[in-house]
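Both complexes below contain chain A, partnered by chain B and then by chain C.
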Partner chain A sequence: MQSSKLRQVVSSGGTWQLTFAILSLIAGALSISSNAITALVSVALGIFALLSALAARKYEDMGSSTHLADSLKYEKIYFIIAVVYYVLILLAVAFFAILYRDAVNLWWASFIEAVNR
Partner chain B sequence: MNYENSPLDEDNQQESAELSEDILLQIPSNAFWTRLYAIFYLIINLLSFGLAFFILLQIPFKISVGIMIAGAAFAALSLWANMSLFSYSSKLYKVVKTADIDIFIEAMEQRKLYWQICVWCFITTVILVVIAFFFILAFLMSGGFAGGLR
Partner chain C sequence: MFINNSLLDDDQNNDTGAFTANTMSQYEKLAYWVKFYSIIGFIFLGLGVLALLGLLFAASALPENNPISRYMVGITVGTAVALGFFTWYISLLWGYGKALQEFADSRDEKHLEAAMDKRKVFFITTIVLTALSILFTISAASQVIR
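And then the complex of A and B:
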């Protein structure tokens, strides 16, 4: 009972993950000319989401725990890539905020003014 | 009555085999990276919403209504995805301690919910980009930023 429930949940989760992976790959392919880094990250995320989803779906077909372990492993790599990407974004934001400190102060003052208005 | 070799017992043995060594080996590191990702995702979300709010304050209310609605939907979905990630990682940490298959099933349900929301977030983003494009274009064509495009 629990076993079949687990298989069902993992498999339907895999279907949603597969959908997201395909969308992510399409987005990556479409944005390759405008923003190469984001496109590259999007494709990498899409590939690992795809691998994880396929392993999850194999788990339902074959019932081997190795497939579920593989699915979790690929999902972990997906999260690692996403964390590295987010850290780079935050570092870039901090770098530009320090570099253009005067402009940031000006924007902040106008923001406070707009909120108070 | 001897239950040792009953079908029920075999089923239970099969169930406990589901959380076999290879799965249990993956769970601790998965829980760690999922939690870390959830934290960074929350930081990025809050920064993005702050920036979006700042930009929306700069443009007239009528023009920004469409963007606001789609943006609010996106923000709600993003925060929901964030919560499901935190829940997913918490349940994985619980599985590390207990190796309980029921908690693992709950974790997998949260995982499914996360990917489900991701798909909806993606669709909302596309809608948001399309609305933003047309509204900003309309704003510029109607003389926004001192009639730049007119």
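And then the complex of A and C:
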């Protein structure tokens, strides 16, 4: 594949990533008063998606591997933030399930009873 | 088809912007985190399926003439549709991570093209979901103000 075509393939989706970054920043700004943690995560995701999209655009223009590596690095940070956020949610779910284990046991017993019926 | 070795030169010499050792290492790390993210998505999907089963049993336990049963059926069908969509979304993400990993392992262009296609669809879907969440926030805020 030619270098220019390769650049297009690699940086494809950069425009969509940029659109997502702007929307994510708007969503974060709108929900800051109602849900601060989700808003901060949304803003952080938006910032790193923006950095990744801008680096991808530079890569498409100039073809330097440094910009490509930067774009991939920022996209990796984007996914790390998302992973940490959802792992924390899972831990919170597990924490409340342990805290209210009597209610969970009751739900489970009625669930099993319904299955047997 | 394997990419030309001239495109795999080191960072200093003949920087074509293609796949240097540094960028290939970044692809590998990105693939790891994308796959990890999709595994968490599958765990959430499992929790969603449990919730759906709970709804199904709750709906079936209600008597037919109960006015709530109509809403329960609606909620159950809505949850099933949402879970179906979520399954497709998470599978797309898993496919993106897998294609990236295959590219990092083999340096075969076709895996990179597959990965970029999936990445594009992933971001377009995420844009739609984010736009919907913005609309929801605005509509909820307008209800509160009213």
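One rule holds in what follows: the second predicted complex is superposed on the first by the 102 of 117 C-alpha atoms of A that agree within 3 Å, B and C clash if a C-alpha of one lies under 4 Å from a C-alpha of the other, contacts with A are read in each partner's own complex, and residues count from 1 in each chain.
Rule of thumb we're sticking to: a residue touches a chain if its C-beta (ideal position, glycine included) is under 8 Å from a C-beta of that chain, and two chains touch if they have at least 3 such contacts.
Remember, predicted model here, so these are calculated numbers, not experimental data.
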Partners on chain A (chain B, chain C) - clash or fit: clash
Partner chain(s) touched by A:Leu30 [first = chain B, second = chain C, both, neither]: second
Chain B versus chain C as contact partner of A:Met62, first or second or both or neither: second
First, second, both or neither for A:Glu75, with chain B first and chain C second: both
First (chain B), second (chain C), both or neither touched by A:Phe111: both
Set of chain A residues, in rising order, touched by both chain B and chain C: 1, 3, 6, 9-10, 12-13, 16-17, 19-20, 23-24, 27, 65-66, 68-69, 72-73, 75-76, 79-80, 82-83, 86-87, 90, 93, 107, 111, 114-115
Chain C residues within the chain A interface of the complex: 1, 3, 7, 11, 15-20, 22-23, 26-27, 29-30, 33-34, 36-37, 40-41, 43-44, 47, 53-54, 57, 60-61, 109, 112-113, 116, 119-120, 123-124, 126-127, 130-131, 133-134, 137-138, 141
Partner chain B, residues of chain A touching it in the complex: 1-3, 5-6, 9-10, 12-13, 16-17, 19-20, 23-24, 27, 65-66, 68-69, 72-73, 75-76, 79-80, 82-83, 86-87, 89-90, 93, 107, 110-111, 114-115
Touching residues (chain side chain B, partner chain A) in the complex: 11, 14-15, 17-20, 22-23, 25-27, 29-30, 33-34, 36-37, 40-41, 43-44, 47, 54, 57-58, 101-102, 104-105, 108-109, 111-112, 115-116, 118-119, 122
Footprint of chain C on chain A - complex, ascending: 1, 3, 6-7, 9-10, 12-13, 16-17, 19-20, 23-24, 26-27, 30-31, 34, 59, 62-69, 72-73, 75-76, 79-80, 82-83, 86-87, 90, 93, 107, 111, 114-115
